[in-house]
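Presented sequentially are two complexes of chain A, the first with chain B as partner and the second with chain C.
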Partner chain A sequence: MSRSTVAMERGDAGSADVRRATVRRPSIRALALPLTFVALTVIGAILTPGFSTAANYRAVMLSAATTGIVAVSMTLVTMSGNFISLACSQSAMVAALGFAGLVGAGVPWPIAVVVVVIGMALIGAFQGVAIAMGLDPIITTIAAGAVMLGAAAAVSNGAQVTFDRVLTPFLSSVQPLGIPLPIYVFVLVSAALGWLAHATALGRRILLVGANRAAAHLSGLSAQRVTVVVFVVFSIGTGIAAILAIAPVGGGDTTFAAPLTIDVAAAVIVGGTILHGGRGSPLRSALGAVIVATIDNLMILNGFSFGERQVAKGVVVVIVVVTIIVLERGGRR
Partner chain B sequence: MRANARRLRQYGLPLGLFVVLYVGLLLPAMSPVASAYAILDNLTVLGLATLGVAFCMIAREIDLSVGSTVAVSGLLAIKLSAFGAPTSILLTTIIAGAYGAFQGFLIHRLRIDSIVLTLGTLILLRGVAYLFTDSALRLDDPADGDVFLTRVGGVFTVASIIAVVAYLVLGGVLRYTKPGREVYAFGGARSEAIAAGVNGRRVLITVFCVSGLCAGLAGSVSAYQSASANPTSYGDLLFAVFSAALLGGVSLKGGRGSAINVFLGVGVMGCITAAFSIRGSSYYEAQLTTGVILFAVVTIDWLLARRWASALARRRLELRHTWSGDSSTTSGRLTI
Partner chain C sequence: MLDVRGVSKSYGKVGALKSVDFAVGAGESVALLGQNGAGKSTLVKILSGLVRPDAGVVSLDGDETALHSGARAQRAGIAVVQQEVATVATMTVAENLLLGLRAAPVFWTTRTLREHAKPLLAGVGLGHVHPDTPMEDLTIAEQQLVDIARALSEEAKVLVLDEPTASLSDTEIERVLGLVREIKASGRSIVYVTHRLDEVFTICDRAVVFRNGEVVASIEVATASVPDIVTAMLGEALETYFPEPGELGDTRLRVVEMVAPGLAEPVSVALRRGEILGLTGQLGSGASAFVAGLAGMSPATSAEVELDGRAVTIAGRRDGLRDGISYCSGDRKHDGLFPGVSVYKNLSAPWISRITSRGRISRAREYTLAADVAAVFSIDESRLTADADTLSGGNQQKVALGKWLGTDPRVLLVEEPTRGVDVGARAEIYAQLRRLCREGLSVIVASSDTAEVLGLCDTIGVFYKGRLVETRRARDWTESALLTRVMHDASEEASS
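Now for the complex of A and B:
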């Protein structure tokens, strides 16, 4: 894979990358994302009737919330140089069905939440340990995804797992100030992980391990430990998002959250996090998720088909990826 | 002796796995002819797709977009079916190959990581598939596809013969020609290869072109076989492709693997799929088993590689003691 070549090419630039990322000098790239968002909203409000209503903004945020929570937790994985997990959908599906099964079996919902979160932490830790040992992150996450899907299908027999939404009153229907719970959690998780990434020693460690593994090793940091931690955080975040997604629905089968992996990847990429690590921000991934949801929403309101919306998502992702690479090179020369 | 150890790791593990699964899982349930047919049947879609991706893996690159490419190719082949089956399949394969070559060119030109770009094209091409249609596309005359299902010699179909020919041709190119050699050099020890005059652009364009060609052929032939194509299909092909390649002994770290490895890997996958489907268990249980086997094999391979690397490091140290110079026997491929 050329990832390590890229890391090698970076060589000394790695430490500069870290400095640039941590000093947070406002640059074109830092402003590009919020500006894109503002432009999108303004253009949307002018051109699309029905876009700038409170109900529609709420719908955009709600659809961004699940993807956003996962994308924000995933950003730490990406920043630490472990690409992205290609098993987002399956992790979320396992957590959601696990929660549904527990609540359906009569377990009180707070206990079910705790059990699912602990279970997801273990699943994340397992993948993190495998990758820390030296297995490839892509293979490990894809294989873990297949195992999770297979296990879930075997346990549920491919049938719907349902529960009565009356049992989860807080998660399913509480809307403080008229705003659904997932949006609060999305904001909270973004703030917490943004703080973790930018203001704590662990955040610096994650960045350094991602930017230059050799330098991190020489400074006495354990890339292994960082890898395990980021996968545990990612897994817990995915579990929380999955619980919030299934609570209002009341059940699902193994196809639950199937498009999540692609949406999360799109959000992280649009947020401008470098896929080979060393730079990135959970907050920008959150904004990325909102931007992707806004584009999707604008296209739905303008009557575009599902295919056209997917193509638009793909085009945006490819353009952003290429632009970042080109800007990066221009900046380094 | 070290060459033997290497050959054992490259071919022995997958061959052993294949034999164990074939004798242990498949033969008790099926006749030898039926089991051979079931395994060869796998060669058309999974086999071809894996062969293409294996080219990329040997060059130490990755093509994540293979599933979307196969899906789009299937739809394209049905759209072009007015020209007749051979022309439609040929055209689709050429278009997919040209697209792959362009992707390789971009990866070289922009010096972009292939994982990153193909993650983008994975999303993009899936959207393109939905642009063709929201539901399934069908052949006007389903009988057009029957020829690809015709059995030849008991164990082959016309489709699997096409795949076997592709294996022989591409495997030969990889092993016996200069461009094929360059793929190994580029993947195994990139900077040394470039220093020695290997044209990186040509290698990248070649491997991604082959990946596109294989995906195009797989998608179009399989669309004719089933007389339909669906924009939702092949979403999980990537897992099967990686499993087949890795179980067969192709290394993600580049420079290791051959068409025989790919064939063995696809055979292993074929054993698992056939054994589970004949027992009437769900497709997901086969996936679960594959995932567990993959974890096990990758871990064993990793342990072997580590042991091998430490033995090599020791040897290098001894050499340095003897000659007080750097040993010339080390190659980039061996460092883990």
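Now for the complex of A and C:
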């Protein structure tokens, strides 16, 4: 078989094909998310005084940043067919308290960041290996969450772990062009993981393993390797988000980042990533995180309580899931 | 008995059925034939009440019936046995026989269940099966028979069977066909959907041929020949259904004494460059087990394998891939296709590394190579960006098979290459396998379809109960000799 010669004969026709391949007419599904976002912003601007200000947009983005970084990292786990990690909150809490403890003990902040990132990579690898060996991802991450929470409580004795924010000047207060650091990191991580998912061989392997594990095995793709990699990436992403979240606050206890898991799940689901794997996009999860933060922000401005806001997030998730199912059925018939 | 008049159904802009007329008389058995996408399945769905037609009338015994739901269809007297076995594996046979029945009692005991089940089982030749057996302990053929028994218990006037033999081996098919003959003799009407023409000739009176949503021919089977029907299905004459064999080269692969799960004794085979070796046998005879073992699917395999004169070890699937041994299993839904992923990404799955440089996939290169593969198997290029699971069965099979071409394999192992594939796609798949062999590929086909093996292969080996019992050149086999060998083992008789 002389595949290469055939390819050459085709010559420039190839590039036209590629254009056809990549420029698809956007489906309802692809447009639903940006349209929702635009609608939300317009409605918010009209109905809610104080929403449409630079300061408020910055606040929305800042609150979306932490959730967003974790959600974008989580998307790879979900795409690979490993559902979602139910240990988001605990992972973030352990990373944040670890960082606080290190800085509080006098470790220079850049070294503390490196130590936390390496530690989180190990925690991720540990879960990834367990799941690759055949454990159920949901059970494994629940167990990991319990272990992390227990360990953190034992080490900190349930007390606040604090540090002086003067020690972390770059992380805590730097705002290039008036925009807080976490927003830059959010954009950067989203772009990087979006590129990884769509343009690299690793991203393709993640997608294929998620779509059909048995077929991936036949094609020589290792689901085990992919599983370990996605959990390491997820864990590192969570660690970075946690450091950015605790730096401006200067400390926290074991309840730090408690609602994170549900927020991240909401962002991933609103982003349209299919929970059983094989379809999804980190960039859409990023947009999902912004949408969830916008809803939250609108409700805060309109005087809703924390509890009411959590209920609203749950309702939004259900609405999105039902909408996706209805749209898919409609598309098939 | 059953009269379908002017039935149409469109999905969006696509007309799946265009004003279809056909009738089935009492005690008549009619085959519905046509390539994938010709409209057979849509008609079956309409008859079973799963899909509502846009226009047209279905009458039974002269009464117009509105088949709004499965229950309505049942009440009207139409029983449907769907293509996939529709039983619950974890429930007992007796429980399965009550599933979905309109007449199912509200309360029952194990004993009433058993009493209900016994005559039904006996009616389909499963008298030896205890009603309390879990469904999953039965073979697929037996499950299919239970499914038919359930349909029969509804006192249906018309029995619709949608490819009931698609996943059965030849001996098992005999059982199902025998049962269909009995049902026919009892005066009930049968609508039989199939891809296997020999079945049409054994049990059907008439063949209604669909093409592009229309009925193009209604053929009296008694006076027709295979080419007549195939021509009607294709709309053009098939010159040769099977391609001409080519020249064979030097030895490509030697397997000595392979031990694998599912094999009763070590198996040795040799394969030459350009050769298609067919391994046939009943389901579970060991042909598939041998091929899966050679592909590196079962890690416990031990064998001496020599590829182009070099010894290789195949401990896992990745070893096989590295050495140029590609494997396409018989179950594309399970491990052949990536659903929800576009066709070209499906095609490139085994050769991602070929289109990757420094971790990045070159989309241009990927798409060009995928388009080449698509061209070889005549997969419509405009469908390359569609999700693979939206293609027809024949095209899905071409994708599942075609993706291996990009790895430039030396040996291609294929199980059941044309399961659930229409005649047109079948001929294309055969022709391409042969063409690839002329270019130097060697192929091993494991298939329970003896006609396929006889027409396609250069050499044929027969497996029986986990042993390779006989290998001969294809031209030295006759169809009856091959079928006899598949169905029983002469040496076994001699020794006992």
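Methods note: the second predicted complex is superposed on the first by the 303 of 333 C-alpha atoms of A that agree within 3 Å, B and C clash if a C-alpha of one lies under 4 Å from a C-alpha of the other, contacts with A are read in each partner's own complex, and residues count from 1 in each chain.
Just so it is clear, contacts are C-beta pairs under 8 Å (C-beta built on N, C-alpha and C of every residue); 3 or more make two chains touch, one makes a residue touch a chain.
In this text the structure is predicted, and so the values were computed from the model without any measurement.
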item: First (chain B), second (chain C), both or neither touched by A:Asn212; value: second
item: First, second, both or neither for A:Val326, with chain B first and chain C second; value: first
item: Partner chain in contact with A:Ile269 - chain B first, chain C second, else both or neither; value: first
item: First, second, both or neither for A:Val317, with chain B first and chain C second; value: first
item: Which of chain B and chain C A:Thr200 touches, first, second, both or neither; value: second
item: Which superposed partner A:Glu308 touches (first chain B, second chain C, both, neither); value: first
item: Residues of chain A contacting chain B in one complex and chain C in the other; value: 1, 3, 6
item: Chain A - residues contacting chain C, complex; value: 1, 3, 6-7, 10, 14-15, 17-18, 20-22, 24, 199-202, 204-205, 207-208, 211-212, 214-222, 274, 278-279, 333
item: Residues of chain B touching chain A in the complex; value: 60-62, 64, 110-117, 119-132, 134, 190, 231, 235-236, 238-239, 242-243, 246, 252-254, 282, 284-292, 294-295, 298-299, 302, 306, 336
item: In the complex with chain A, residue positions of chain C that touch it; value: 11, 297, 317-318, 321, 327, 329, 334-341, 344-345, 348-350, 352-353, 356, 359-361, 363-365, 367-369, 371-372, 381, 384-385, 403, 405-406, 408, 436, 439-441
item: Residues of chain A defined as touching chain B within the complex; value: 1-3, 5-6, 83-84, 86, 130, 133-136, 138-140, 142-147, 149-154, 158, 254, 258, 262, 265-266, 269, 275-276, 305-315, 317-318, 321-322, 325-326, 329
